[in-house]
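After this come two complexes, each holding chain A, first together with chain B and then together with chain C.
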Partner chain A sequence: MAKLKAFTQEWMNAFRRRIADSKEYREIAGNWEGSVSIIINPDPARGVPETVYLFTDYWHGDVKDFLVCDKAKAESADFIMSGDYIRWKQIARKEIEATKALMQGKLKLKGNLVYVVRNVKTVNKVVDLLGEVDTLFPDD
Partner chain B sequence: MFYDRDLSFIYYGPTRIVFGINSSRDIQAEIEALGCRRAVLVTDPGITKAGLLDRVVKSLGPGCAGVFSDVPQDTGIEVVNAGAAYARKCGADAVVSLGGGSVIDTAKGMCVLMKEGGKLEDFEGVQLLTRWQTPHVVIPTTAGTGSEVTCMAVVLDKRKGQKIFLLENYNTPRTAILDPALTEKLPPLLTASTGMDAMCHAVEALHSIQREPITDGIAMHAIRLLVRNLPICVNNGSDLAARGQMQIAATMAGWAFNNSMVSIVHAMAHSIGAVAGVPHGIANGILLPFGMEYNLPEAAESYALAAEALGTREKGMGEIEAAESAIRAVREFTVRIRHPQRLSEAGVSRDQLAQAAELSVSDGAIIWNPRPVPDSSDVLELFQKAF
Partner chain C sequence: MPGGYTGLFLTVDLISGKISRFVLEEEFFRLHIGGSAVAARLFLDGFPLDCDPLSGANPLIISTGPMTGSAFPGTSRFSVCARSPLTGIWGESACGGTFGPELKRAGYDGLIITGRAPFPCYLRIEDGAAEIIEASEIWGKDIYETTDLLWSKHRSCRVLAIGPAGENLVRFASIGNDKGHFAGRTGLGAVMGAKNLKAIAVKGTGHPEKADKEGFKQALRSAAEEIRSSAFAGSLHAMGSDAGMDLGMMTGDVPIRNWTVGEDYDLSAALGGPALTEKYLVKAHACTHCPIACKRVVRVAEGPYRTEEGPGPEYETCCTFGTMIMNYDLAGVIKANELCNRYGMDTISCGSTVAMAMELFEKGLLSGRDTEGLDMAWGNMPAVFTLLGKIARREGFGGLLAEGSARAAERLGSAAAEASVHVKGLELPMHDPRAFHGMGLAYMVSNRGGCHLQHAVMGTEQGMVSWPQVFTMKDSYTGPESEDKAALVFHSENFGILGNSLAICHYVLYSLKPETVLKAFNVITGFGFGFSDLMVCGTRDWMLKRGINNLLGVTSRNDALPKRIMTALTEGAAAGSVPDTKKLLSEYYALRGLDKQGIPKEDRLRELGLDALNRRLAAVRAAEPVAKEEMKWQN
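== the complex of A and B ==
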């Protein structure tokens, strides 16, 4: 199967399916409710000419909307994570951990940190599943 | 192998340290060195009553834009918002905090609002800021929290009934003035418990999954200073040389955990504090050896380093043996400084332990623990041992 281009709706759909099909995610994420947006800063030299806005929504083990969206939609999420393209790529490839990247200032988080760390297993599982999506990054 | 072959980290510790007996008299020069003219002084009623505020106001001279002294023991959003409004009204361009953790966290929140405007709730999060905030000089009046060099502020949101975290490198205090004379009157129990808070920062930085060589070195020397000087301070609070070394130890431990983080002992201390009102330092001091015992299978290497710093690692000792000697040494140390040994001595009742155990596994600090904590039953067992 061909790799999916990162940050496209098709890629978001595949990401959503991975999570929805994961029994383990369903068990871990029973307490999580709320939307998370991902903002990827532009990096023209690596093929990301404009800011990318992604919106994901989770509800007690279920997954709801997974959208490539505009700025306003992204900023309406309960949690907003933003960072440089290269950092997101490192996270998707499991080269750095999301929590460590946050603490080191490689990513930014707007929202309640306590809630996030309380549900860190859920966050880590979502990142693991993201890594399983066969992805073609803009600079690959 | 001490560290993973793929070790990667960022060490961050930008705070300028000014140390010496009566160094707080240099406050005006330090404010000017930051390019500022008038600072608002943030403190609490206890510091005012102890006469420490007057000293610093006098040293600030015309550089004192005003005094905000309404900080309670656990600061809240409304306190920070009121403090920032006051600072703006005074025309302050810098903040000086004089006190312990709650005062320093209030000042950190004020620094953000003075620079960015808005309400504190708008800045809840991690590394959101993109420029340096209002210059902040901290003058700690205890030797324990390390907050004078950390990027974190914790503020209570009463409306939501939860604490909010601001974790911002750009809001790390610019300068910390460590003046031993300001800690001279701390009573023995408070000296011991705040000192054990620092000890816990150092040991937890050593066993954290985010440990690295720089913070390990800093934490180890903090432990050496603590072991040598805390008993002296408890027995003779007027020994300003020992008081000064304690302040340095607390600041070093602050640098260590600001980078490596803390873990299960702090998670448990936060929780038993919330459930039973146990002061943070006392909870840490009681729980530390129990947390070390729990982590021993995964953290022997770290505790062997602690043993070196504690002076208990003898020639020929293996890693496990050295680690066990560190745990024993921490326990004996708390006896030596007359620190409470059991949670039951700190006003905890047995029926509060289960709730505290549940809270602990959802505390942020637990994610950095070297031994994974599967559920609350492990924590409950630890609480019961420490009861």
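== the complex of A and C ==
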């Protein structure tokens, strides 16, 4: 199957499917409720001319909306993760773990940290599944 | 004198009551910076290394760093040092809190206390003046009571005190600062107890100078901004050091059931930072001038383990009195923590020793007769609380455990040895080397025995920090692998060890850019150091302490992990993995410049200006590598 272009709605749908189809995710995410947006800082030199806003929503093991969205929608999420394009690419490629990127200040997180830590297994599983989407990045 | 230093050390001889001062010059500080590095040099040059740790001959050295009390975040720290009664080798324990800055304000970079007072006493220091005061009124009191009494006697003083455990020479006795901060490791509370020294109360009104005040303000602004935007600092503020337990369970870092089980998510859900925050947190608390405020003030309001509002457990304690002993009740951890704080006992060594006793009880190597009727079943917290009192008072079975796990296991026979999980006599901190092989190497070669704070390996190997601007390192490391780890440990030691000489908290070090720390150090002292200068000082510090240990009998055979750690787990993220100790040690020895016996090579010491140490080590190098009597129980 052809690679999907990163940050398109088609790519978001594939990401959503990966999570929805994961039995393991369903098992460990029973406690998670809340939306998470991803904000990708522009990097024109690498083919990302503008900020990218993505919105994802999770509900006790189920997945709801997964959207390419605007700034206002992204900022309405319960949790907001932001960072440079290159970091997100490294995370999607499993070259660096999201938790390490967060601790090193390569990603920023807005939202209830206690809740995230309590559900760190769920967060890591989502990131893991993101890495399984066959992705064509803008600078590939 | 350069900024950040007073240049003055106070010496107190408790036998004669003589109190005097001596001056250390800038040149000395440029070599050793401060904290435990300065203490090690003073110990090596001025005292009989092989003194009985529990005799008056063992000097107790308290040493601050140039950043102590500077108002830069995380710089309240000071080191307490002596020959350790627990390990028999170099002992040191760094502490945050309030005492270090106050000592500096009172006019001193440090103290050296020698001898044994003919009667229980405490030392009072106020703005340069010092006196020894009779202490029969507070002898026997716990650390909280002692601190309260001294606060009421000497208004707005800062207190360093021991509890009954220190008085009774428990080998892992701690020293408490203002009831909320502890110099826990290596049993230095017993060194105070052996001196009949119950406490030190200090008060000062001075202000240590800074070389560049404007530059310091800039460094402060950068630090404040970096801490504000640091997720690491944010999670510490929100949940304390226990914030790491949930993630640690996923990576295999958390030891369970005395290091025999690889994962148990019910334990981390019950004992991790979120649970502590949601159920028991009253408020966050900070060492002097620290915006992170990782310390917890907690209260158990109801139930059998009720506690007053007071200092809460750190991650290590949530493991030693939680995951290690299969206790799923966080209130029980809080209670055990409070008891250890009051009695004055290191929660890592104490909890690990209790875990050993529970394992031996289960295996039938300890019976109800041995424990005087205490049912040492896993997770039996009422028995643990009773036992803690017995240890602190050295009563019966408690007296055996007061010796620490290594000595106690030795007395219980060879079958018990495996349950004592230590390096060089110091019970391991709560980070599993099977999940992080670099940490395994760091434990093996740490100069105070198994330790996670004599270096920055936790930060670099687990990926909390990335410091390619300081030394060559990869973007990311895989925990249960030994490849590339020797170099990582070597550099992380040379830089991380500076936490104890600059006197800056590791959590703050991990939350800031290293450039900001370097800048703060330089604008305080005016030294104009680069990273490479700092790393040379870190290297010198490591070699100095290694040399002391070599003179005390440590050789390469002591650089080893215990059998328990060299046995792979069958579940969890570290399943099937053990560190490749042979590879790690041979690569590390080459980088560090140690010979086959584990002794620093002559040329390395010469490069570092440690010629006197070189001469003293000549005899050791020439001798057959025979373990000294007091080293015989060491791995």
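Quick note on the criterion: the second predicted complex is superposed on the first by the 140 of 140 C-alpha atoms of A that agree within 3 Å, B and C clash if a C-alpha of one lies under 4 Å from a C-alpha of the other, contacts with A are read in each partner's own complex, and residues count from 1 in each chain.
Here is the rule we use: contacts are C-beta pairs under 8 Å (C-beta built on N, C-alpha and C of every residue); 3 or more make two chains touch, one makes a residue touch a chain.
In this text the structure is predicted, and so the values were computed from the model without any measurement.
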| task | Have a look at chain B and chain C on chain A after the superposition and call it: clash or fit. | result | clash
| query | After superposition on the shared chain, which partner residues are touched by A:Ile38: those of chain B (first), chain C (second), both, or neither? | reply | neither
| request: Check whether A:Val48 is in contact with chain B, with chain C, with both or with neither, and answer first, second, both or neither. | output: neither
| query | Of the two partner chains, chain B (first) and chain C (second), which one does A:Ala74 touch, if any: first, second, both, or neither? | reply | neither
| query | In the superposed arrangement, which partner chain does A:Met103 touch: chain B (first), chain C (second), both, or neither? | reply | both
| Touching A:Gly111, do we find chain B (first), chain C (second), both, or neither? | first
| field | Contacts of A:Val126 with chain B and chain C, given as first, second, both or neither | value | neither
| said: Just checking: does A:Ala29 make contact with chain B only, chain C only, both, or neither of them? Give me first, second, both or neither. | reply: neither
| request: Look at A:Ile91 in the shared chain and tell me whether it touches chain B only, chain C only, both, or neither; answer first, second, both or neither. | output: neither
| field | Among 39-47, 129-137, 219-227 or 543-551 on chain C, the segment whose C-alpha atoms clash with chain B after superposition | value | 219-227
| query | For chain A, which residues belong to both interfaces, chain B and chain C? | reply | 96, 99-100, 102-105, 107-109, 113-114, 117-118, 120
| request: Please name which positions on chain A make contact with chain C in the complex. | output: 95-97, 99-100, 102-105, 107-109, 113-115, 117-118, 120-121, 124
| field | Of all residues in chain A, those that touch chain B in their complex | value | 96, 99-100, 102-105, 107-114, 117-118, 120
| field | Touch list for chain C against partner chain A, complex | value | 226, 229-232, 234-235, 238-239, 243, 246-247, 250, 265, 269, 272-274, 277-278, 462-466, 475-476, 510
| remark: Per the touch rule above, chain B residues touching chain A in the complex are 8-10, 12, 124-128, 162-165, 167, 169, 210, 261, 362-364, 367
